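All chains are identified by letter, namely A, B, C, D, E and F, in their written order; residue positions are counted from 1 within each chain.
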Amino acid sequence: MSIDRVLLKISGKIINPENAELIGRYALVVSKLVDEGYRVAVVVGGGPYARSYIKCARALGLSNAQADMIGIEVSRVNALLLAYALGERAYVPIPRNIEEVEEAWSTRKVVVVGGLQPGQSTAAVAAIVAETLGIKRILYATDVEGVYDRDPRKFPNVKKLDSITVDELAKVLSQKFEAGGYELLDPLAMQVVKRSCIEVIVFNGYNIENVVKAARGEAVGTLIVPCP
Amino acid sequence: MSIDRVLLKISGKIINPENAELIGRYALVVSKLVDEGYRVAVVVGGGPYARSYIKCARALGLSNAQADMIGIEVSRVNALLLAYALGERAYVPIPRNIEEVEEAWSTRKVVVVGGLQPGQSTAAVAAIVAETLGIKRILYATDVEGVYDRDPRKFPNVKKLDSITVDELAKVLSQKFEAGGYELLDPLAMQVVKRSCIEVIVFNGYNIENVVKAARGEAVGTLIVPCP
Amino acid sequence: MSIDRVLLKISGKIINPENAELIGRYALVVSKLVDEGYRVAVVVGGGPYARSYIKCARALGLSNAQADMIGIEVSRVNALLLAYALGERAYVPIPRNIEEVEEAWSTRKVVVVGGLQPGQSTAAVAAIVAETLGIKRILYATDVEGVYDRDPRKFPNVKKLDSITVDELAKVLSQKFEAGGYELLDPLAMQVVKRSCIEVIVFNGYNIENVVKAARGEAVGTLIVPCP
Amino acid sequence: MSIDRVLLKISGKIINPENAELIGRYALVVSKLVDEGYRVAVVVGGGPYARSYIKCARALGLSNAQADMIGIEVSRVNALLLAYALGERAYVPIPRNIEEVEEAWSTRKVVVVGGLQPGQSTAAVAAIVAETLGIKRILYATDVEGVYDRDPRKFPNVKKLDSITVDELAKVLSQKFEAGGYELLDPLAMQVVKRSCIEVIVFNGYNIENVVKAARGEAVGTLIVPCP
Amino acid sequence: MSIDRVLLKISGKIINPENAELIGRYALVVSKLVDEGYRVAVVVGGGPYARSYIKCARALGLSNAQADMIGIEVSRVNALLLAYALGERAYVPIPRNIEEVEEAWSTRKVVVVGGLQPGQSTAAVAAIVAETLGIKRILYATDVEGVYDRDPRKFPNVKKLDSITVDELAKVLSQKFEAGGYELLDPLAMQVVKRSCIEVIVFNGYNIENVVKAARGEAVGTLIVPCP
Amino acid sequence: MSIDRVLLKISGKIINPENAELIGRYALVVSKLVDEGYRVAVVVGGGPYARSYIKCARALGLSNAQADMIGIEVSRVNALLLAYALGERAYVPIPRNIEEVEEAWSTRKVVVVGGLQPGQSTAAVAAIVAETLGIKRILYATDVEGVYDRDPRKFPNVKKLDSITVDELAKVLSQKFEAGGYELLDPLAMQVVKRSCIEVIVFNGYNIENVVKAARGEAVGTLIVPCP
């Protein structure tokens, strides 16, 4: 069995205090990956509680950076929930910047983080952390089955794609962006996965089995192909 | 006008993301105190969001200390909201232990903290921070008018007390403790305010004018008399 | 042989620079526990040097919190002596707050600490650290044989108890407290060991064999039973 | 005289150890701004020494993130040179992440930083730091006179623009990007200045007088208009 | 009145918990210097308690570096006593390395430190801290009247020198070193004060008036002349 | 094969961004030592880039300590290059003071550092780090074959010595010092290796095989004998 490294990015829609049972299952699946010989880093989003806090930040007239920082703090609480649920396998406290990520990784533990800096999506954090730790595969757990050929919230008969290149995705997203769009990968995330040739596998994170399949490279969701 | 130091303890019931408008008013009143020459430290509780997170922590089977740590992190997000709302007047980032509290205080800014350590109530944090910074008056903003002669949730014609000694309060609370009680001051908080003779003024924090009155030593709520 | 976790709390009366030979023996017994498969955390008190420093702090008119901080620093020097004596097995530098404790524990080393915060007894530190690290047994090395039925400094024919519940102990100590008492477990320590069901075994720390016995759960000193 | 905040971004082409005399002049002009009542943050790039280090990183087969980190470290040495040259006015040590930036700013000193995170241009750092500190004007010292209507390295009769909107600039740069382009503002930087309405004034940094003019809002170089 | 910077180095023989009253007087004289417009850094030695701890470290078979670290920790406790006695004027917590010294100095507070690194005398710490902070005068409070023409512990009719150059002192000390000598300035300290032309005024620290005289440049003790 | 500890000190003349290929070979040889069971610490100097930065610092009128700090930062960039090239085997980020060195060593990784404090040569850093980590052999990679009987830059027929005692070396260097000399070991480094009996093997670092030979105690370069 070869030792491999993967980064698991979990949307805050999935990992948040409303979903204790799902957090528990994520702790189990990450433990399973560790037991199979993977080194695992995890990036957790903010979710609905972050949104409530950010809404309050805006009502208070705080700056965008401050609102982002508030949301980042909430994503770190989500990260701490998962890290504690992982027990001895995970590093605590939650790293707060890229140097602390490197330091935590030096202990050989699972490293769980939330956000790192204002102005970045969780996807960008995932890309930068993966690149820093030499990880070549991002497991992207979200609330849809993968990337579709058209916006599934607007069109009826959309088709899930098995794979798409970063460049094609960039075109699709930029179109959607003007139309309101959704944020799978922001420009920074795309730039990083492309320059360092990091695979991203987008899948439905409510189906926990997908995580193991994606780690092993089995067909699941949509593979974003980073380089020729 | 003499320079004075006060510690403002605000319940998480009052300062939390559901109450943006109230946070804004607290930012104004703290700014007013600073402009009048007070040095101010603030301790903020966790409130309903902390409770949701702690509930999740318990559902995950985390230890009591870990559940406390999760709640502490949420109280720090509340603290950050208030600190950002204070603008230049407040120190950021939020101090995470007593040495960082001392370090932040050295800059002469308003220091806002959430919790510090598992096993401690916010009231105990307030007492310890006040003692460490040489503060002799705690302004205790809560959701009742003060200390009553009997448990207001059980008896109809309760009377708010103008003052009570720590020792009397200890007796009252220990009775209530057996009956389920409520947590105004835990034993650690009482021990600290008593040994260092720190006044605690308990008042209704929804009435923002009470904060200024309490700071100035005017009659409001209930004065807990720490020493003979 | 099962892997187990224990917290060893050593009074500053025992571990201090006057007792180099005893520190050396404690280093050996902790090493032995590690070699037998235990994960070990250690909390060390301040002892006579701390008392001299605290006395000076009071003579200078420092606050109680400041005097406590001075004593905590001395307990950390004691902790560093023991950590260095443990060589590669122990983590240095000495953690200074609960997050650094968690970080140090992540390296799988023996973690040795002194005090953490003003207003806390070493016993409270032991309880909080144990709870945070998921440790269910505290080995409490002190200068008496265990808990007695009456105050051994006042009565002639006292009897050492084999076990006592936390609740019973609370009653005994609260009586003694009024009479000047001694401080085995303060209210915070009792609350933590009770809520998390952490066993405390109190024994004579000058007899080093007691440490191994207590770790293994053999009858020694007095067992404080935390929960029904 | 009103108190104002500006962020000065200096290209590593200008501030690097080959240009001691120019660093000295930048120290003087920043001091002058401080004396006039401005609060100033400074972001310094890596320059030729960073490029040599990054080239070595690539020759060693390091990852893109690691090469970025190496370059960031060099930009921090440049930042330290300028901070030391500023004497008492500047904060040292150089902040290494956004929380340390906030902490340094709390002391009311001039805050000088290099890079913060892999995957970010210095311009993005400037935008994020400005947004975090509530700064609404970036003084962008570079080695050209401003933004031109066409790429000055390709066309003879280019015209310097007095102003351009962020959206227009995005179009111009995206065209240039495909053609090799140059990196005035990357997408992250543009997104941040746009969402927080932060003015960017691009000017020739070899002419030190431009810094003061730009700070005062006088016409110099090209004004990038962030919002309608 | 001109603003000036001085570094006060106090032997651990003078500042230690046996001398609360003297610590109090040092707090007063430092406060006086601050009120007169001086910026003051203080370096405090370990004294008798450090020696007891170091003796224990040696008995435990710890390395020289570890014994030094133990002594350094004790000197930091002494430093904390003095810093607390200085109240609002001093920075806490005690800086533990040269970067923390710079950070503390940025707040404009009095900075008090103990040791910084194994292998260094307190005099070397004083020299390095002075050089780092741009301080040109070290006030060296010790338990003799100054530098003598011969070793006062061996010869009867010794004469206190009014001044001596660093180079002459180096010759005197190197002779004494072979004879058992005493440690006024070690080679590192001498090298630093010489290369940066830092005056050292050695005087009897039990006479507190000497501190103010030395700060003002009045004749007291022995002036060590660092450069031609 | 016994587990042994060695400290490798590499001159900045050898490890710097001009020599990527040589850095790669050093990464290989350190990896080889680790695979053979050695625990390895590495101290890296500043080299030509540090000199350029220091020259700029002096041109700016910075103090000697500040110029040293600038050079230390550059040595840390060199250290980071090597640490990254070592991959999983090395600890990052680069420790910045002696406590961080101890902390990094606790993870069992290879610890790579640059300078630590103003006023110290890299050789002194090597001696102090070795002493702190209990390392008894310093592998001193430089650009000459070892220690010569006379200054090789002045005399034609010099002879490389197989061994020399620290005391003899001190005499040789002090003579050379007056004549302009070169800096193999400064007084602080000599004092530390002598007091803790740490062997230093000086050899030509351009011949990478010498590193392994020196680690194994085979005859190579010059052995500096620290104690009788």
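Everything below uses one rule, namely that a residue touches a chain if its C-beta (ideal position, glycine included) is under 8 Å from a C-beta of that chain, and two chains touch if they have at least 3 such contacts.
All values reported here derive from a predicted model rather than from experimental measurement.
Shared contact partners of subunit D and subunit E, listed by label: B, F. Put simply, subunit A has to spin 120° for its C-alpha atoms to lie on subunit F, with the angle rounded to a multiple of 5. Counted by residue number, the contact pairs of A-B are over half the same as those of D-F, the matching pair from A-F, D-E or D-F. If each chain is reduced to the centroid of its CA atoms, subunit C and subunit E end up 37 Å from each other.
Between the Cα centres of subunit A and subunit D there is a gap of 30 Å. In whole angstrom, the spacing between the mean C-alpha positions of subunit C and subunit D is 54.
Contacts with at least two other chains are made by residues 66, 69, 99, 107, 134 of subunit F.
Chain contacts here follow an irregular pattern that is not a line, a ring, a star or a complete set. If you check each pair of chains against the touch rule, the ones that pass are A-B, A-C, A-D, A-F, B-C, B-D, B-E, C-E, C-F, D-E, D-F, E-F. Residues 17-21, 23-24, 27, 49, 52-53, 55-57, 59-62, 66, 69-70, 73-74, 76-77, 80-81, 84-85 of subunit A touch subunit B in their complex. Listing the residues of subunit F that touch subunit A in their complex gives 87, 91-93, 104, 107, 109. Subunit F contributes residues 99, 102-103, 106-107, 134 to its touches with subunit C in the complex. Put simply, subunit D touches subunit A in their complex at residues 63-66, 69, 96-99, 116-120, 124, 127-128, 131-132, 134, 187-188, 191-192, 195-196.
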